[in-house]
């Protein structure tokens, strides 16, 4: 297939490479010349503007951008995708943005005659490189079926979450819960250890009891519990604090728009904001446990 | 074996019955005559005071009491267990109390020449009746080995959590995390549905993603997601709101004693307090989701 | 002076009337014909669009609109103020919006050759009618001096808060603190009464001690403490819960933009969101105490 | 009058001195020999045990102790006050403890034939030395009248708060509100400055608006706003973080006992716990603003 790809950053770059590896023809655009030339070396064609991607005889276009403002600019702006793309071309936005903005852009696409899916991912840069991302997809069943073979070149789990915007809803709801869980695990582990328990024993009990969760089992924040987790290598790598902070901000913003309280979600956002302000924005989000323990 | 048992309430009653079923001789005490006569019909011997249990030629004594004040009274009070029990008799307290009090009583027992274990349970009244409780046990390895066959008559998982008090620590840390997780799931599910997602689809995604936890998988608070869960039968049965509130109070109290912050844990306690004040103390603790949704 | 006025709602209507009473010539615009005709009866001239106000030979234009989206539309949209207003005309926005948006609009105004002030108010509909509003004004000293006689026709305290946007900053910071204080007073009063104190005695002690604040002295939320306060008339009138909720939303949004944690501010927002969801959005914001007390 | 005084620490020492200055005969006891000898030099008589104070022909006894456990020990313990004091002697406990404990001790005193008042203070060590403390007094009107001349030698405001325990209730409710207010001011000031305002201008606006409170006016936490406040001298002196933390702990404990939610109060406690854990327990409680600002 001929596929357009906009946004070749830490996530988008390896995703576009995986499309090339799967045999697709890929036309790329990014503001960074270095990012573009890397992809061109790997076999992609360069386009010099979003509009040029849209005019390049592609069957589908994928975007991977930092925030809703960029998505709106690239899709709705002068010289953007909708102003140049032929009707019928499938549009897939894999950026993580708020559901309302996703729906607004998809509505404009529909008026333009373009089916559109929101398809944010989880799995981080490692999943992007390995082609093992999870895609949470919002849009019609028919469009989801069309997109599946494309997304399968970049990910392992392709989940249909319902209508337009619901891919973003699923991501934002899941990640808000993840942020809360991680802080909860940080508090429970810190409390147990402060009261005299061995951290590994406590983790073992929690993981076979009603406190068990992804954050306690797969990314336990207490140093030494998981030999290969971020907590045992100074919290490097993994899912960054500032990315969690961004997702919690999206969650509380979306909640405000529908007048839905998110009490722990809102508090988790503020605690990650404190932790980021203290200079830890680049650490894995499990490092939030540092708020709860005296520096050794 | 000859075993003493004090505290024949909703939990203690069925636990003592399971000891009888396993062939043990059980001498019981409770302030409620009805509770005692029920056990006597099932084959137990009656004692008229804690001291009388202690003097009844028992090899081990188990207590299952509502709070630390009762435990201190029964063990340390005039006419209590320690004043009457021969040295060497094994003492097992299955009450859920704060770790500091558990250690204080165990220390007094040790001075009296009695090995003592703290062994709080999880599994609720259903687990107590079925003999499938989990015991979280604090004390020496040797004492744990001695207690195991006794506890095995009442439970399925008997976990050694380390030294004296650590059974209570494990329970309080696990249950604090459980309370936080449940509210987190309540918020994530409510948010996703308010933003337009189907509750079952959202639960499915969370349960295969990084938000998954016991509260989302086994006791999802959103009505209709789990056919047989409390949420689908008006939140009856299960683990009561007021019991969760008690455990969160123990957690924040223990945290205060060791000067350990528990920010989400403390907020979860207050939210359960609000919910209990509104008259919902008897509902399953997953009913906290009612705080987040308009009454239908 | 010839003054334009856009936005004739509960606040803007009486404000425009006070300008007329002070002898100014006022040209008005609102989407509601009824609102416009009321002002025309009082002596105002009608304009049929924002652009028409801008072209009506006015020396200053005041806007009083519900949210940032409306402000941007009215100032920056096609047919809006900036596209039609002659350079030099003084622009005053009295809407309560986030500081970033206020600065964005003021910058566009400056490029257009128009001095602009942000001048949000406090004092509510009663203050608007009585001409006793407080104006918190952001912009240059010179522009502030020019605006003062105009604002003095509508308010009693005209405070210069510094450069552009700082009027909004002052309002959002003050009102976030007010929301926190009100909940704090609600908790302290509820706690004291639950522990056995008389509410009036407790309020008296707080008001002469270090807990005293505007919320305890002027708008004590406990029924019966202040004879003429909202709490003693079923929480009718006053500053509505949904307005407080809006301001707390502006505060947390502005905080996010500058990466500033506001932990209690964020929690206050969520608690007001819960209270609004329960159907109390129209009550005075002191009614939040209902979250803390069983219904009588 | 002949007065007994137990507890000669940072507060009790200067309070006992003021009784001597006012011409009373004072018999003192403290575990610290140095504290006792200081008072003896100032004219006091030494007693070698609480019971000895009680037997020393005194008309009233004042206690100033760190926590409820000490109060119970001194009043109710073997060789304590109640076991030795003649009936009719007036007992005044100025310690800050939870209201339930205060009522428990007062009840025991009543059975012993001794009128008892709880009379915790505010005003800190400076107020203790200057004799300008505020006493919040719980007990009968008649006993309050008897105590007033004694307390007047040590304080300026002597407030009757109602029946037994209500002195403690007033203090705990007021100080919980104070802790919340201080954090609220810290957040509002930090937010305003982060958004571009001058701290003094912002403080001035808040102090003439609805956000004003003791914490913003008298002990503004932002450095430089008040020339002589703790914030302008590195947060030395004043009311210590660990004392605020203690009072917030008493508030949430008392709230738990009466099943009263204190959501912001509980969160304030946890935030002060974080701040104390970071090593700031000795700073004035306004230093909590450091949680909200990057170290300069």
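Note that the chains are named A, B, C and D in the order they appear, and that numbering of residues resets to 1 at the start of each chain.
The working rule: a contact is a pair of C-beta atoms (placed from the backbone, for glycine too) under 8 Å apart; a residue touches a chain by one contact, two chains touch by 3 or more.
Every value quoted in this text rests on a predicted model; they were computed, and no experiment measured them.
Across B-D and A-D, the chain pair carrying more C-beta contacts is B-D. Separating the CA-averaged centres of chain B and chain D is a span of 37 Å.
The distance from the centre of chain A to the centre of chain B, with each centre set as the mean of the Cα atoms, comes to 39 Å. Centre-to-centre separation between chain A and chain D, using Cα means, comes to 51 Å.
Contact with two or more other chains is made by residues 255, 259-263, 267, 271, 274, 277, 291-292 of chain C.
Viewed as a network of touching protein chains, the structure reduces to a complete graph with every chain in contact with every other.
Here chain B touches chain D in the complex through residues 249, 252-253, 255-256, 259-263, 266-267, 269-271, 273-274, 276-277, going by the rule given at the top.
Within the complex formed with chain C, the residues of chain D that make contact are 99, 122, 134, 136, 157, 159, 161-163, 165-166, 169-170, 172-178, 180-181, 183-185, 187-192, 194-198, 201-202, 205-206, 208-216, 218, 251, 254-255, 258-265, 267-268, 271, 291-292.
Across the complex, chain A is touched by residues 267, 274, 277-279, 291-292, 294 of chain D.
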